[in-house]
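By letter and in written order, the chains are A, B, C and D; residue numbering begins at 1 in each of them.
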């Protein structure tokens, strides 16, 4: 989908502007309408700030109405297929569309407890999360006071809007909504980048379950041709990188034990900053390795 | 059980000697009887060598008889409870007593193919193996020629005998039948041994299954009070050491990400030398670690 | 100095071409003249290849004449100031202009021995070397046979020419004459690039002597703003990178011993590939570090 | 020299006791005499504590007298050869007997300034120091107040006495006066201890000067047969361990660059705890290494 240019938005009449951005805030075209008055926007950041200000300048009732326009996470609307396309894509990305009955039950319990305490649905910018981190946030935020939680919900809505805006509008700047995860394998036995190492990234979902995120093979520079994750937020959660080191050294005729001391090397780590830059390299011989959060 | 002293064995009459060592070779007291002639033995090693020589000096028929006196691995005798106490203990150690029907089926298939090809049962010194490495050896040895396989079976029988002898007889020397696996955690953030780190060793059995081997907590010197495995052969196989690093640093009030970049650090490696000395240390900060086969 | 474009050279008349490139080969404008016939050159590499072919197609007498047109290294011509500007710049770069009397004596002795054995001066592409590696090459090449040494001298002359051409001519391609040396400091105590670390690179000249190559301070990304060496060959030799780690951690209020366990961290390494890419990073805490040849 | 047993000291008459321990405190047999009253001493530690208490229970005049009985460091008494045997041995150990005229001048200046300010000589337990750390302590302590400095001088005298006592008296316990410095080289290229690596330890004295401390070669376990320093305090100061890694890998026919990327690996560190335990291992391949303060 081609992006709409910021220039065009600055020049559009009100109905065109609202047509373009009316769904950036869920079921709330009035946010676009209110922000339009602040045109022209020199940057995408300025547009996002103006839309956020439009929400925050409203009274609590209006903000609550905005919050309440959002569906429950993994709730009945999801089961009934009754979500906006945006919400559906976002919820499925975090694996909320493929839970077990027990997990639906957990979400249902938390949704109910949250609604009972606060009177509005739990809102989180799902694309910054895994199922595990959503559950952790759910439990943590249930302990908040109501005013704090209203502010948090608005913050999350603005994060959701930022992601939608960044995807929708072409501008000289980009919003800081994306993270970056990369790796690098260095063969310290031969003193050169390790080419041809199979690398798998999986998300660890708890209780021994996992799901694949990406598979790649290192190139001549010991890197993967594409970042492991880029162009989107890094979902907060726990991951394992698995490097097929035994096959690599075996293919290079390096003498190995049988079975090799190191075969698949797992590196387990958590991503905590969705907009962060993570580099997780491996420096490896058949008998040793080191890894670290690099840059 | 108290060990019999080598001195007493050297001085015993023939019936006493055979009573003491007659079951070192399965169902073959004649091995002890033949070895007795070479007394006195200055060392346990000399006794073991003499018993092995007694077997190897016999003709093929006798050696085959000895081989055939051994039960199938995880075979009908095991199912029927019809094993010598020795064999039963040895087979259960490698987890051969708790297989799934599919695994029994695999063993049954291999046992049958092996018997059909060679005319005798597959023999392996089970205490040097895990289920995975037994299966790998099974597949590999099925490709051997018959003469080679007879020799291999006798070698394995002598390994079994060495373990039994080492447990039975007190002597100035010990047989080199045991391995040693240890770990050490060094906190490179504070520059001192990491005390109080929970460490778990599990055997990885393939297809995502695992079984616990030992749990420990590091002491003031960053080591475990006892080696992870000692006083026995190290079963050939793949293992994972898991270090609870996140809890350690968190308890020391070191600033961490949320969730911490490193929480449980898995170190996956294979043991290939059952009588070897393996040291697998971890040098760790909240953001990096290294490990290696040390000594 | 602006570069001459390859296009202009392709279009120039013979006298213009020779005027532009006549001194690429020392005192031998005939090389340019001979190569001119092969125009047009699509790339700089093609031009360099043609000039090398022009030399190698000549008989031994002509090649010897070319070789003999070069001055002795650190010889009388240098003492008398009687060198071409090119030769002077090249010799001073390797420190050949600042030797002690003993070192001049060593060079004099080697020059004499070489001339006596081969009948022509010792030629080496000085910009690819340090004084130490020139001496090592000198000793090694003195053992060569004459034919081998003539070929080696021509190879070195072509390397000198490549450097001169690459500096003189603008073209779509560049000749592979340059190397690259960089570093990176990662603070594994805090899990981020180490900014503000003073880094010094010195050449170790043997017998405890050294000379500074470059000083830098790491930036926010833990790198130096410019590579330590780039845009020229890496002189073969031994170096030490010195990282002021104690000052860095002290400035960040990290608890240290007094004196700190690590203060200046020296990393000593040799460069052996003048056209290579070397990355020598440091991963450091107040109590540990690692380094490696990276990429 | 055989040690006197603590038992014998406990049973000796007063004159025997004072004869045995009268010189533990420089020119002050009265300290032994006073401590004798507290006999019997169950441990050497108890004896040392009693002697220290005897000093600290005296009035300032007596303590000053004790302090003033000590010679200047590297002072006129040293130049004139007019030191007790103890003092002479202790001062020469730290290299105070081989200073340049400039260094003598520095010590002279500091001695004079110290005496002028405090009215007594600067006292330090020399065996816990290098020349550099003595100078650093000198400068630092010059800034102290007089009462603080009297206490510091007594503390240092008690440290000197502890070392003398520990060498003189045989007892079930030892005084905690000794440190321990060891190393270990692990070959991560081959996955085993690196045997036959030449290791040199030098003290870095500042301004590019150094002096050798010990040379060793690693044994089959990758360690040196004896600790690098043991059985004495570790002199506070800066050191460099130099590992001849290039020769090691070259002797094992490992492919190396020419010159090898790593040849002599220097590890520079400071010892700050004279009674501490330092382990400084090297984990190395031809292209990488790591080191840390181990235990």
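Everything below uses one rule, namely that a residue touches a chain if its C-beta (ideal position, glycine included) is under 8 Å from a C-beta of that chain, and two chains touch if they have at least 3 such contacts.
None of the values given here were measured: they were computed from a predicted structure.
Peer 1: Among all the other chains, which ones are in touch with both chain A and chain C?
Peer 2: B, D
Peer 1: If every chain is reduced to the average of its C-alpha atoms, which one ends up farthest from chain C?
Peer 2: Result for the farthest chain: B.
Peer 1: Roughly how many whole angstrom separate the Cα centroids of chain A and chain D?
Peer 2: Once rounded, the distance between the two centres reads 57 Å.
Peer 1: Rounded to the nearest whole Å, what is the centre-to-centre distance of chain A and chain B, using the mean of the C-alpha atoms as each centre?
Peer 2: Their C-alpha centroids are separated by 46 Å.
Peer 1: Give the residues of chain B that touch two or more other chains, as numbers and ranges in rising order.
Peer 2: Residues 188, 191, 257, 261, 283, 287-288, 290, 292-293.
Peer 1: Quick one: which bits of chain C touch chain A in the complex? Just the residue numbers, please.
Peer 2: Checking each residue of chain C against chain A gives 186, 188, 191-193, 221-222, 283, 290, 292-295.
Peer 1: Which chain B residues qualify as touching chain A in the complex?
Peer 2: Touching chain A from chain B are residues 133, 136, 208, 236-238, 240, 257-266, 268-270, 272-273, 283, 287-293.
Peer 1: Mind listing the chain D positions that touch chain A in their complex?
Peer 2: 188-191, 257, 261, 283, 285-288, 290
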